[in-house]
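Going by the order they are written in, the chains are A, B, C and D; count residues from 1 in each one.
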Amino acid sequence: MTLTNTGPDTHEVRPPGAIASVVDLKVHFQSKRGVVHAVDGVSFDILDGETLGLVGETGCGKSVTARSFLRLVPMPPGIAVGGAIHFRRRRPCQHCGGDGCELCDGLGRLPEECSQCGGPGCEHCDGSGIDNVDLLSISESLMNEIRGDRIAMIFQDPGKALNPGLTIREQIAEVLYEHRSEEIMERAGFDPEASNVTGTLVRRRATQRDRRPERILMSVPPFRSRRARLTRATDEMVAEALTETQIANPLKVMRRHPHELSGGMKQRVMIAQALACNPDLLIADEPTTALDVTVQARILELVKSLQERHQAAVLYISHDLSVVSQVSDRVAVMYAGRIAEVGTREQIFSEPLHPYTQGLLAAIPSGSHERGRLTAIEGTVPELIDPPPSCRFVGRCPYEAEQCRSADPILASFEPGHQVACFIHSPEPDSSLDQPSFARKTK
Amino acid sequence: MVDTAAPRAADSDPAPDSAWRVRSRRVWELTTSLFSNPTTIAGLVIVVLMIAMAVFAPLLTDANMPDPYQMPRDWETPRAPPGTPGHPLGTTNNGGDVLYGIIWGARTSLRLSLIVVSLTVVIGVTVGSIAGYRGGKVDEFLMRIVDVFLSIPELIFALAIAAVLGPSFRNIILSLAVVFWVKYARIMRAQVIHVKQNEYVDAARAIGDSKLRIYFKDVLPNSITPIVVQATLDMGNIVLIGATLAFIGLSEAGIAEWGVLVSEGQAGISSGRWWASTFPGLMVFLWALAFNLLGDGFRDVLDPRTETTR
Amino acid sequence: MSTVTDTESREETPAETDYLISVTDLAKHFPIKDGAIQRVVGQVRAVDGVSFNVKRGETVGVVGESGCGKTTLGRCVSGLMEPTAGGVYFDISYQDLTRLESILAIPDGERPEAMDADLEEIAMGHRVDRMKGEAWRRYRRNCQIVFQDSFASLNPRQLVNSIVGRPLRVYKEASGNELTEQVVSLLEQVGLGREHLYRYPHQFSGGQRQRISVARALALDPELVVLDEPTSALDVSVQAQILNLLHELQRDRGLAYLFITHDLQVVRHMADRVVVMYLGKVAEAGETSDLFDNPRHPYTEALLAASPDLAKGGEAMPRTLEGSVPDPARPPQGCRFHTRCPVATPICGWEIDDVVLWLEDHPGVFEALSGVSRQDAFEAELSFEEEEAAGKLREALQSEAVPRAMREAVESISVEETTVKIKFHPVDGVELTERAQGHVAACVLDDLGGVTDVS
Amino acid sequence: MQVRDYVLRRLISLPLLIIGTSIVVFGLTRVGGSPIGIYLSHEMTPDEVTEIEERFHLDEALPVQYFYWISGVVQGDLGWSGVAAAPVVEVFPDKLAATMELAVTAGVVAVVLGLALGTFAGARRNRMPDHITRVVSISGASMPLFWFAILLLIVFWVYLGWFPIGRSDPDVWASIAHPTGLYTVDAILAGSFDAFRDAIWHLVLPAIALGYGATAIIARMLRSSLVEELQEDYVDSARAKGLPERLVLRRHARRNALIPTVTVIGLTFGFLLQGTVVAEIIFRWPGLGRWMADSVLRGDQATIMTYVMFTSILFLLVNLVVDVVYAYLDPRVELGT
């Protein structure tokens, strides 16, 4: 990942940088029966503007990985054991203003300069000169700046992930107030900098920092009209966000409560809410699992088109390989808290290397299989309580060998862009649990 | 996190070879988890002490014959403060020994709560089960009755009943029984309605098992938990309300009952004789508290959500 | 709709089949209660006139999206629900069935006494919701069900041995050690073993629990097992295990399956014949291969297009359906699919509701709508607050703004200041018609031809 | 189902419930035998007795008697209170005012404190505030009111002498008019600070005694439902939007946690009502409760019937209001039976 001599001033076409790199992430859970190694040394990169599919079966730790990005794993019972998630914030490309040019590699955004050195490169940004924060260690306030603005998330069950008590408008307005208050105020024709009473009141409301007395004050003339202007501006923006997701008649939907909408509609609202601030990275955690096929198809279509338009990177988590095969550019296969294999879609689906990946692909039923001849992966997913230093796939693997039981394969590069953690492909075992990060490898 | 809640792979633990062994192990697991909680233990300890006190009352005191439930009167030393020889906790205005009252009061309370709880649970569970399991008109009818009963605040209802039946301890028991079954009927009905929608009930029907057997095998065992919890809590509440009724004066005067003692002592407090009502009242409080703690403990472990690793 | 069964018979000459299950015109409606005194204001037509048969040893798949009534159907077939109309007939001989159909062909009232007697007799002997005594016992033993949620379908307070052994106990098949041995052999047949006898359901993984459910279903050695989304809650690798298991069991015991699922890949893999349901009706039914290779109903086609399939790869994004499934309490006129159909024609049953629906998605006009007074489903007066809105609607209905088919379906439209009079050509429901050997579809188009692009 | 329909339905069932209650109450009192005792005196001749019996229809069949009673009640004839030695109707208003002043004060305090405690604890699960709240709520739930009240008396009246008992100081009472019978309100109307202070002074102890239990119940309920809500997905998605924890808690979790709490608050009202009986006895508070207690001991049926009927009707109404509030609070509520 050669980002060293990258800066807004150079016009050389930049190779796609990783917007986020997960490095040896370890998240465990305290349970009655011991420590569950839910995520146990996971490393991967998400490249600019790509869709990375993260597949795996129930309990493989994919959701935990995803939630770790926004620090949404409840602690306790969760335990952040180690690792880092490097996130490189972006800003609109000042050269093309977001439409995409060769400077920003058609992405419309450029990396922020390093907060320490501001470009030349220092040890803080290990010489790359670009902004780089570790999502696991930054302050809560900085985290809140990133949440919903730079990184947004779509949850599995839109029915549960939307607050049943608030209208759609209220819920989308929230995220705008939180991150786009200036824009709202400008639209409403207020000066965001204004320091007089009205200005302060308006600003505090637009950033939803207003307390009850202020709210009361805002509800009486002359402030009333100002509040109305603010509300109107917000409504506009909410409506726009909804229109983005092809919701007909957004003005009607805005006033609804979640339970009045169909599942597909709810998921659209979730997406609208997630993309309202045009994030650099969108995390989609099984966004279509709760939906019917026909609805799912439309949501997938929507996500894809929006992603192409916004040029945001997407981390698409799913248990369904066929879905992943439709949306993602690259795919990472997870098993029992580890990454089993990473590669481009073609690599994973046409020449899978890891026995587990092969097994998964073979297990999907279709007309072509002879009935009763599905190649199932025997056995069940191992319990992740204090797992022994061996390949996690031991016991279910058809090619199991001695060293698989004694040592732990590491994720090693097999061909360009294709890593696999299996001794068949990387002979010499490395018993240390600590995997060299795939991010470091590409630097 | 749902994602990590991988169910226990059954093969991981050694294969048990008899239902009995599994059941006993299950009971053991529940008990251990129950007493992993300090407050629950505290509750249990108090309960045990109280019951012991009730059971061994005749040994702890020389029973006041012929009727030990009547307070003995020591006319020589009325109004004696705590620490008086022979009266460690002092005496009441008319020479009732507070300690005796407390010990035999425990017996009275145990009697009260056991009778009322067993009665109300049986009635309530039966009515609730019928309503919930049969449904339809029967349900409608029973529930309207329940509604009427619920529309009068517990204590006031009991008060009215006891008033009508006349002041006596037996009538307190009766009135409480009349008031309290409703709660169980309601809980049970809700439970049954919820449980009978489970697919294991459908599966049993698909096998062709009889409605009655399905009730006893599938519905009842899976809906009883909250009843157990509620019953535990009520072991406390009933003494609480019973004592209140007695305090108001709905039991015979002069019996060894905590509420009665408190009201007897009440007269003295203006002139500084605090002990006669303080100690018996404290007992009521401890009794109720103990069963509340225990009930909470039960709720935590018996709650199906914590039970199955779903 | 006798078409299906006729074809059955034709393919089954010379030895005409006795059907294990014959569903004739089955309907199950759930009342909607509303208002202060909870009176019934409508019916959710979960299943609304479905017919098909299941032969011994075959697998019939039922596919459809949530709310299409497939689960309700399964519950009716397995005798857990009483149908509102029509019936499920168990183990009915070919003669009886043909007799039954000839009787049912004549509407109630017009039948002669004798026929009603016949009907009664057949019902008592074969109709699931009428059978008594021995007949019922036979049915009950021979029709079992496996549910999707393996947690909810196993009593959490019973041990595996009593769960699996229960059917045997109910029918006094065995007791004591013998019972235990039988349970063990059942467990072994589903890939579990003696070591699992004394465990609680929650100690197993999803796949294992599903195996236990299967074992219980097989305890009485039934002829038919209704599988209601048996693998939907499982991971692919485990799903494969269960599907293989189900197949082996079928092969060894000559079981018949009614396989209910939303997953087309699974059904394609498992079923001999498939019934596609939409909004409580059968959209299409036929031999699996035939139905998948050339679907005759646009809905089937859409489902196929939408269901993600590795074979398709990610390149071609599937063609997708507009709108959402209509309210089953007031299903669309004509073809129930016409509201979402990509190839809808003017004769598909366009109605007033479609206009209202369209209005809702078009701000400006909709807000002005003050009332709709229906003559019938096809004719109504829409009144607006102001004339100009009414005008707008008229224009819209005659412009590109609405689907061509809908536009052409309008018989007459007139505006009197603020009210719009609209009348569509009335249309009856679309019947299933035969397209090929045992392949029926309910669509006005004989051939989807040009529009077909199923990968 | 529409909220309107729901309310309608509840309104329909309300009179039925009231009638049901009245039957229960009437039947109950008659189990204890004829209420004639109150009207009798020793020097009455048998004829006079029968005369009285006829006057009060006590010779009729029970259903008929019920009818007479109910029609009397409807016309505002609640019978004669032996205890107050006056018609029930005449005594009732003042006593009611006294009780309401007490109960409402206690209720308001309980709700405010309870909600505060509950939020505090729920938001800081398994930390100090939570444990404190747990102690408060459990002890509150098992605290015998009659004992707690006496403790308060012993400490604050007998020993410290900070607070008085009774309802007001006679001189202060005489100093102002009492149009409403709510002494605090009267004092404000009369603009007399002393009277107001006096009223409050007398309210403090009974209000604390009465409010403690209710506070406990409310706090406990809000705490547990808040803990539940905080585990919901939408809370995470609110965090994922970058909302500060304050907003996540207030706007999202607590708002939904309040919904079930409202029901409990309604039930708490019954708890307060029955509490007044004991509280009024101990603090010599001249309200309905104390009157009821005396009547119970003296078999004053008219009063008992009136009191029970009245409280249950009040209780029903409050819960009706609560349910309606609930319905409005929770947009997704499907108001079935």
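Definition applied: a contact is a pair of C-beta atoms (placed from the backbone, for glycine too) under 8 Å apart; a residue touches a chain by one contact, two chains touch by 3 or more.
Given the structure is predicted, the values throughout are model-derived calculations rather than measurements.
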Report which interface contains more C-beta contacts, comparing B-C against A-D. B-C
Chain separated most widely from chain C, comparing mean CA positions: D
With centres defined as the mean C-alpha position, give me the chain A-chain B separation in Å. 52
Chain A and chain C have mean C-alpha positions lying a whole-number Å distance apart equal to 38
Which residues belonging to chain D are in contact with no fewer than two other chains? none
Overlap residues in chain A, where contacts from two or more other chains coincide: 58, 67, 74, 380-381
If you look at chain B, which of its residues touch at least two other chains? 6, 8-9
Listed in rising order, the residues of chain D that touch chain A in the complex are 231-234, 236-244, 247, 251-252, 255-256, 259, 329-332
Chain D-facing residues of chain B, complex: 39, 144-145, 147-149, 151-157, 159-167, 236, 240, 243-244, 247-250, 259, 262-263, 266, 269-270, 272, 274, 277-278, 281-282, 284-285, 288-289, 291-293, 296
Sort out for me which residues of chain A touch chain D in the complex. 67, 70, 72, 74, 143-149, 152-153, 155, 157, 160-166, 174-175, 178-179, 208, 257-259, 270, 273
Chain C residues touching chain A in their complex are 65-66, 205-208, 235-241, 243-244, 247-248, 251, 262, 264-266, 268-270, 288-289, 292, 302-303, 305-314, 317-318, 320-321, 324-325, 360-363, 366
Can you tell me which positions in chain C touch chain B when the two form their complex? 75, 78-80, 137, 140-141, 143-145, 147, 149, 151-159, 161-162, 166-167, 170-171, 194-196, 198-206, 208, 213, 216, 220
